[in-house]
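So, here come the structures, one by one.
There are two complexes below, and they share chain A, which is joined by chain B in the first and by chain C in the second.
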Partner chain A sequence: MTTPSDDDLEPPVDPLEPEYVELVRPYVITNGRDVSDTSRFELITLVTAADDTQRKAHLDPEKRELVTLCEGGYLSVAEIAGHLKLPVGIVKVLLVDLVENGLILTRRPIPPAQLADIQVLQEVLDGLQARFG
Partner chain B sequence: MVSRPVSDDTVHLNEKVQIAAKILVVGHFAVGKTTFIGTMSEIPPLRTEETMTQAGESVDDLKGIKGKTTTTVAMDFGRLTLTDRLVLYLFGTPGQQRFVQVWEDMSRGALGALVLVDPQRLKESFAVMDLVEKYGIPYAIAVNHFDGTPVRSDEELREALDLLPETPVVTCDARDTKSSANALMVLVRYLQSRTRKE
Partner chain C sequence: MTDYLQDPALWGLVVGTPLAAATIYRARKSNVKLRKERAELETRHHELESNFSEAVDDARLRAEEATKTALKSAMRTLQGLANEQQLAISKIQDKYGDQGILQDLLGIDHMNSQFGRRAQSVAVLCDGWLGRARSVASVYDVARSAKGRIRHYTRVEIRSQTNFAIISQAVEPVALVLAELLDNATSYSSPEAAIEINIRTVPKGVCVIIDDAGVGMNEEEKTRAQRLLSGENPVGVTELGNPPQFGFAVIGVLAARYGFSVSVDSSSPYGGVRAVVLLPQELLTSMPEPQEPTESEYLADEEVEATGTTAGGLPKRRRRGAIAIVPTGDSANSAAGRSSEETASIMGAFQRGTQSGRTQSGRSTEPSREGHDVQ
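Take a look at the complex of A and B:
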């Protein structure tokens, strides 16, 4: 397709659009933890709080808030980030610790062999049709 | 899990949900992404942020940034529980080259993308189309006709965007639920046809 040269690729940016946010020192919240083991979490990985959340009293405020949010049921990683107003990368780091401590459980994605894309697509379509016809 | 009455809980997912699927809603600035996601979402749309580092640098070393501040980019997103066991998430982000890390995260596991285009500003869609193609995300074009703008023929638009003959083009008013849902269905049917061929 016709594309402009690399230099021209960025459309004009509206400075009023809150698409650019300064993030204050993520290092503080994550205690400098290595984030390399966060790859098991995707934006739509579903997580919930474990039954026994008594121990959450001893957690850092950010983690306690995260566990509390998840006590009501399942949420995606992205939703947790949205509700807590934390960057996704930070939420993933907090989740690694909380899963390790048994305070958060993840809903394992169904293996692809058991659920082909074609089935997911059919369910999405059926769902959209049923709802919006 | 601590059970609460489901009735007054609009934040959490239905307990039976097992499958989370993802479709991207992409396009240039002010093309209608936030509007589309707001129209379709069952929850008030949320914003999530991704940490951005300079181009070419690895994002996975928060240790290294210490006192430095880091720019983040926001993604809009919404949720649509479609069946007892399936939830669909819609993610929207602008298509600028410097947001490559966001694209990597967003595109992983995505079923496909709806590319919103404004026929009056087709050139501004080039960057985002380059990105969906670069990440191999199958897509459909949703033409957002803003009030009072002249309608272009599909043919003209296909040529300008250099679309493959099979790429669907659908008109869509991002403010209208039926119209937006229809655009999603056109995309999903196209994705089905591709899967069958493979």
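Take a look at the complex of A and C:
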């Protein structure tokens, strides 16, 4: 059942071959930076491109693509990772750089605790207890 | 007079002279014969000598060929495994991209890239497999890919970008050559010193310039390097020395085969070696404008929709090719970059492969694959 390997010639390339190893590996894109120190970004952190995107021409292709992607409005970190087909951790490192350079603005998702004021809830509870308790 | 007749000396002379003459004549004759024989022996000796050296050369060549064949086959297996592993690592990186393990995975990815490159270098010297076909890639991306294949990659700084791209067939060879040059540059300079890459457009094509701040090379080393880099007398695997020095030999072979030039005879402004790779126009093509992705992004989105959704209702993601800037027509790109002769040779190889697979009976003299010898 073994298929003979014709080593003298390059094997036929299957044009439908779905899997392809990327030419530029993720660790090169981040230049070996520590990807664990990116806690300020969460999967649902929303980011958008700053108005001043003239400088993006000098960026790495991935960063340029990221800024271009965000020019239309707010995107979450998870969505960006999906579009760029890069691991989320790598996208976060790129975002840290871009935020430092002022090319990307972030908007933290509204924390659930802020939706309802705990003090108001407490007062309601106190009122209910005073009336019925 | 009669006195003389009675003199025995005269008689001696009378008898002796012809005798002596005869002896001298005979001696001359044998001398000529001997000389002839000697000349014959000499030619015979030369013949034997040249036959012998021919036989030695022949044996050396055969040994070299045998070594090459064995190594090529072994490297092909290793290269296949390295590729497989890289794919597996990519998948895990995507899967655990948001977790702490990603840092370790990147480290493993880096080691695997170095491992793959080493196997590739040996394969090149054995006229073996260079790796998978790549799509057209920018010079910048090829330089970055090369950077990722050496141990101390963080010391390498790529200073400039161009709009030029390298044609698909030359992507892997150029990346390998740059990686070997960068490996040399990092090995022969201090551990903190940065290596600088500049990409410059020149009338003849594009120059990739690698400057290190190392110790440089002396005249002897430069001569050796230049001889190897010219690729005129390719070095056999048995002549690499101990420890073997692959770098320049590999570069020489690739530069000669793909038609670009590499020189290391100038010194860098930082005191080390300046290596210059000149890529001619034939290996270059233009890159789409960087502003274009906005449009292609929409195309990509449409494609994602076209490929359907998963059971959980999430859009199915397509794996991208080597360059992300134009996600559409990746395979079409590589097909267009192939000449008709190349297509013919690929089809030929495929045909030969299937044929030999069919005709291969239970007994075969050649192992089908390294490590799986058919007895």
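Definition applied: the second predicted complex is superposed on the first by the 86 of 133 C-alpha atoms of A that agree within 3 Å, B and C clash if a C-alpha of one lies under 4 Å from a C-alpha of the other, contacts with A are read in each partner's own complex, and residues count from 1 in each chain.
Keep this in mind: a residue touches a chain if its C-beta (ideal position, glycine included) is under 8 Å from a C-beta of that chain, and two chains touch if they have at least 3 such contacts.
Just so it is clear, the structure is predicted and the values come from calculations on it, not from any experiment.
One of chain B and chain C touches more residues of chain A, and that partner is B. By the touch criterion defined above, A:T48 reaches chain B but does not reach chain C. In the overlay built on the shared chain, the residue A:L125 is in contact with chain B alone; chain C does not reach it. Using the contact criterion defined above for the overlaid structures, shared-chain residue A:R107 touches chain B, although it does not reach chain C. Contact with chain C, but none with chain B, is seen for A:P61 once the two complexes are overlaid on the shared chain.
In the superposition on chain A, contact is made by A:L75 with chain B only, not with chain C.
Looking at the shared chain after the overlay, A:V88 reaches both chain B and chain C. In the superposition on the C-alpha atoms of chain A, the part of chain A touched by chain B in one complex and by chain C in the other spans residues 2-4, 6, 9-13, 18-27, 30, 32, 34-36, 43, 71, 81-83, 86-90.
Against chain A, the residues of chain B that register as touching in their complex are 1-2, 4, 9, 11-13, 15, 17-23, 28-30, 43, 46-51, 59-63, 65-67, 69-75, 77, 79-80, 82-83, 86-89, 91, 94, 96-98, 105-106, 108-109, 111, 123-124, 126-127, 129-130, 160-162, 177-178, 181-182, 184-185, 188-189, 191-192, 195-196. Taken in their complex, chain A has these residues touching chain B: 1-4, 6, 9-14, 17-27, 30, 32-36, 38, 42-46, 48-51, 53, 71-76, 78-79, 81-83, 86-90, 93, 105, 107, 109-110, 115-118, 120-132. Within the complex formed with chain C, the residues of chain A that make contact are 2-13, 15-16, 18-32, 34-36, 43, 57-58, 61-62, 64-65, 68-69, 71, 81-90.
Against chain A, the residues of chain C that register as touching in their complex are 72-73, 76, 83, 86-87, 90, 93-94, 96-100, 102-103, 106-107, 109-110, 113, 127-130, 132-134, 137-138, 140-142, 144-145, 147-148, 153-154, 161, 171, 175, 290, 293-294, 297, 300, 317-325, 330-331, 334-335, 345-350, 352-353, 356-357, 360, 368-369, 372, 374.
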